[in-house]
Amino acid sequence: MSAMKASDAASSLQLCRIMRPDDANIVGNVHGGNILKMIEEAGCIISTRHCNTQNEDRCLAVLVRVEKTEFLSPLFIGEVAHATAEITYTSPHSLEVQVKVMGENILTGAKKLVNRAVLWYVPCSLQNVDKIMEVPPIKFAAEQEEEGQKRYEAQKTARLKTKEMVEEVMPPPPKPEKHSVGFSQSSLIHLVGPSDCTLHDYVHGGVTMKLMDEVAGIVAARHCNTNIVTASVDAINFHRKIKKGCVVTVTGRLTFISNKSMEIEVVVDACSLVDTEKVSYRAVSAFFTFISLDKYGKAQSVPPLKVNGEDEQKRYDEGQARYLFNKAKRLAAKEAN
Amino acid sequence: MSAMKASDAASSLQLCRIMRPDDANIVGNVHGGNILKMIEEAGCIISTRHCNTQNEDRCLAVLVRVEKTEFLSPLFIGEVAHATAEITYTSPHSLEVQVKVMGENILTGAKKLVNRAVLWYVPCSLQNVDKIMEVPPIKFAAEQEEEGQKRYEAQKTARLKTKEMVEEVMPPPPKPEKHSVGFSQSSLIHLVGPSDCTLHDYVHGGVTMKLMDEVAGIVAARHCNTNIVTASVDAINFHRKIKKGCVVTVTGRLTFISNKSMEIEVVVDACSLVDTEKVSYRAVSAFFTFISLDKYGKAQSVPPLKVNGEDEQKRYDEGQARYLFNKAKRLAAKEAN
Amino acid sequence: MSAMKASDAASSLQLCRIMRPDDANIVGNVHGGNILKMIEEAGCIISTRHCNTQNEDRCLAVLVRVEKTEFLSPLFIGEVAHATAEITYTSPHSLEVQVKVMGENILTGAKKLVNRAVLWYVPCSLQNVDKIMEVPPIKFAAEQEEEGQKRYEAQKTARLKTKEMVEEVMPPPPKPEKHSVGFSQSSLIHLVGPSDCTLHDYVHGGVTMKLMDEVAGIVAARHCNTNIVTASVDAINFHRKIKKGCVVTVTGRLTFISNKSMEIEVVVDACSLVDTEKVSYRAVSAFFTFISLDKYGKAQSVPPLKVNGEDEQKRYDEGQARYLFNKAKRLAAKEAN
C-alpha cells in the first residue's frame, strides 16, 4: 500500500447548517449536544471516505473516542454553524480527525470559534461489523508524524484504562434532599430508531453524545434552576456499539462542583429488547462540565453540592482532582503563550 | 410457565424528555399528541421487554387500545415530561399498562400531574406479525387480580363492539373511477411550526417545496402504484409569504401524462388560525413531473389518465403543450452541443 | 455604494449532509423535496450573508422564485449530498443564486450530478418584513452581466404573468358556512416513514395518536380561532395495523359542542401505495375533546355549532349523550371521595 501525502487526501470537509429553535433551549442557546452531533457527522464522512480509497472491502468509520473538548463561544438560533474536518493522523487501524466549528452571524458577519474537537475512528467492514479494516496511510511531515504517534499512544492507553473501570453501575438515587446528588440525578430512555443509525444499523456516535448532553443539561438545570450551558466534555470512549432496536438508558449525576462549574458523570447503558441474552451493557461513559449563566449571559456561582456517604465523597474528590488538573493545565498553556 | 410476582417483573419504566418549541403551539402549550406519543413509547418498551422474558419466539408488543384519558395540567416548552409505565394486569394474550405523566419545571422545581393513561398491548411474533404470542403471567394480589380481570373483560367487550361500528362512522368518500384525475388527487394540511420558519417567523421556501414534493409524490404513487421519483419541477413563484402559526393546505392533482411521465399541479393555500379575518389565500403553485421506475430503477410506462369534462381536458392540453415545448427545448440544446 | 467584484463576495457556500432513512422512500430513493429543501437552505444563507454586507438595516433574503429544475441522478440512503451555492447576478432589489447538488458515495468514491437549480431572492428588512432592501451590487464580467440582466427580465415577466393567473388554477373550494361542521372539517395525509415504525415495520400507535391529535387541534382552532388544548381522549381501539409505505388519511370533524368544550371525531384510513389490491381501510377512530383558552390560560366559551341535516343532528345528540354521561361520572367520583 503506497502512502498518500496529507495534501493529496481529500483532506478537508465542511458541513454547515442554520441553527433552529429546536436546536436550542428556551433562552436561545444552542445545546452543546447538537454541536457534538454535527462534529461527529463531519468526522464520520471524512474518515469513511478516506478508508474506502484503497480497501477492497467496503467499510464504515466508527467513532471510538473523542478527546476532551471545550465550548469556547455560545451559538444562537439563526446563526450558521460551520464544521470543518481534517484527518490529522493515521495508524494502521485508526484515524485521528480534527474538527473545528465556527459560528457565523449572517446578519452582522461576525464569526467566532465555537469548538475544536479531536476524534478517533476505526474502520469496520460493512459485511462484518466486528472486522477492523486497514487504514490507507497518509504521509505527514516528520514532526507531525511524531506528534501524531504520541497522541495515538496516549489515547490508546487512556482507552484501555477506562475499559476496565467502566462496568460500575449507577444505582438509583437515595432520598432526594435539595442540592444533594440524588436530587438532580436523571435518566432518559431512548428506543434506537432507523434515523439514529446509518448503513450498518449501529447508532452514530454523534446521536449518543447528543443524548448524553441532554441528560447532563437536565441534571445541571435541576441543581441550579438557571440557564445552563455545556462548557466542556472530558474524553469520551465508545466501548461497545449500540444496535438498532436497542433501548438505551442514559443516566447523569453530579460528581463535583467548583465555584462556577458543575461536573456531571453520564453513562449510557444499552439493552436489546428482543435478543435472548438480553444483557444490559455499559456502552459509553463521560464527564460533562456545565456552567450557569445569569440573564446577561455571564457565568455565575452555583449552589454547593451536598455530599452523602463515602462513595459520593470519593467521586467528589476525584472530580476535584480533575478540575484542579485541568485548571493547572490551562494556566500553564496561557503562560506558554 | 411459572408466574412471576408483580414485584419481580421489571416492574416500572421511566422515560423523560425536555419539551421543545416544535412540540408546542405558538402560545407554548405542548400538543396533547406529543404526550400521547411519549406514553405509548413507554408502554411499548415495558410490555415488549416483559413479553420477551419467557417466550422462545421474539415478539413486539402492539398497542390495541387506549382507555379514555384526560389532560389534567398543561405542559410548556422547557419543562421536562416524565412518563412512568407499569404493568398492571396480564391475560394470557394481552397486557394492561398504566402510564403516569408528570411535568417538571426544572427552573422552579414545581411538579404537576399531566396525564394518566391505561393501554392494552398484545405481543406479536417478529417472524409473523399476525401470530399472537403468550404473555408471561404476572401474579398480582388477589384483589388486584380480580379487578384487573374485570377491566380486561370490559375492554374486550368494548373493542368487539366498536369493531362492528367502526366502518359506520364517517365512511370513506366513494372513490372516483380508477386512473381518473379525482382518483389520485390528494391534499395535506400542515401546521407551521417554529422549525419551519426563518428568524422573522415566515416559512422557509425550502420547507414549502418539500411539502409540495410530498403531495405530488403521493398523487403519482396513487396513480401508478410503483416506485416513483421526481424528475423535474417547473418554475415556482412564491407570491405570498406564510407566517408561523398558519395552516397550509397543499393539494396536488394530475394534469397530463406522457408515455413515461406524469405532470402534477400543486397549489399551496395558507390560512391563519388566530386572525379574526381568517382569509385563506393562495401562496404558491407549481408543476412537478414524476416518473415511474421498475425494479431495476429504469423508467417505465405509466397508465393513461382518464380525463373527465372540459376543465380537465383544458388542463390536459396545456400540460401537453408544456411537455412538447420542454421536449423541443431539450432536443435543441442537444443539437447545439 | 461601491460595487464588489464577483470574486470578492463570499462567493461560494457549501452544505453537505448524509442521507438517512427518513429522507427516502421505502425503495431507498431520496425524496426530491429533501434535495429542494437543502438547495434552498444554501441559497438563503449565501444571499442573506451577502445582503447584510452593506446595509445598515439587518435583513433576511426571502425566496421569490425557483427556475425550472431537473433531477439528473437518483440519490440513495447513506450517500452524501453536497450543495454548492453561488451568487450569479444582482439587480438593485434581487439576487440570482445557482446551486449545484452533487451526490457522493463515500464507500466507492463515485460522484454524480444530482440537481442544478437557479433561485431568486429578495432582501426583506427584519424590522418590517414588507420593506424590500437594497442589494449590494456585485460586478460581473461584461458578458455575464448582460446575460444575467436578460435572465432577470425574463423571470420578472414570468412572475408578473403567473401572479395574475395564480388565483385561477385550482380555486380553493367554496367554504361552507362559518361555524358549521363542514367549515372546520379537516384532513391530513401522511406517508408512513421508517421513523414512524417499530422493528417489524408497522406504525407505532403513538405516532397515529399524534397525527389524530394534530388534525383534531386544527378542527378546533378553525372553529374558534383561539388557543386550544386537548382536554381528553375517549377510548381508542386500534383495529388494524398500518404498514410502512402506506399513506394514512386522518380526518376530523366536530360532532358536539358544550358551553366550553368541543368534541371532535377523528378517523384514520390507511392505504398501501404499492399493493395492487390497493384497498383503503379504516384503521382507527376516536373522539377527542378540546377546550378553548383565553390569554390568561383559562377555559372560555366556544361558538355554538351550526348543525345541518339529520346525520349531523344524530351525531350531535350522541356526542351530547357521551358528554352528559362523562359529566355524571365525574360528579359521582367526586362525591365518592
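Remarks
Letters A, B and C name the chains as they come in the text, with residue numbers starting at 1 for each one.
To be clear about the criterion, a contact is a pair of C-beta atoms (placed from the backbone, for glycine too) under 8 Å apart; a residue touches a chain by one contact, two chains touch by 3 or more.
A quick note: this is a predicted structure, and the numbers were derived from the prediction, not measured.
Both copies, chain A and chain B, contribute mostly unmatched positions to the interface they share, with under half of the numbers common to the two. Of all chain pairs, the one joined by the greatest number of contacting C-beta pairs is B-C.
Averaged Cα coordinates give chain B a centre that lies 13 Å from the centre of chain C. Rounded to a whole number, the gap between the C-alpha centres of chain A and chain B is 33 angstrom. The multi-chain contact residues of chain C, meaning those touching 2 or more other chains, are 41, 44, 60, 126, 199.
Across the interface of their complex, chain C is touched by residues 13-18, 41, 44-45, 48-49, 52-53, 58-60, 80, 104, 106-109, 126, 193-195, 197-199, 244-245, 273-274 of chain A.
By the touch criterion stated above, chain B contacts chain C in their complex at residues 25, 27, 29, 31-34, 36-41, 44, 60, 62-71, 74, 119, 124, 126, 129, 155, 158-159, 162-163, 166-167, 169-170, 172, 175, 186-191, 198-200, 202, 204-207, 209-215, 217-218, 221-222, 225-227, 229-239, 241, 247, 251, 253, 265, 267, 269, 273-276, 278, 280, 282, 285, 288, 293, 297, 326. Within the complex formed with chain B, the residues of chain A that make contact are 20-22, 25-26, 77-78, 107, 186-189, 191, 214, 217-218, 221-222, 225-226, 247, 273-276, 278.
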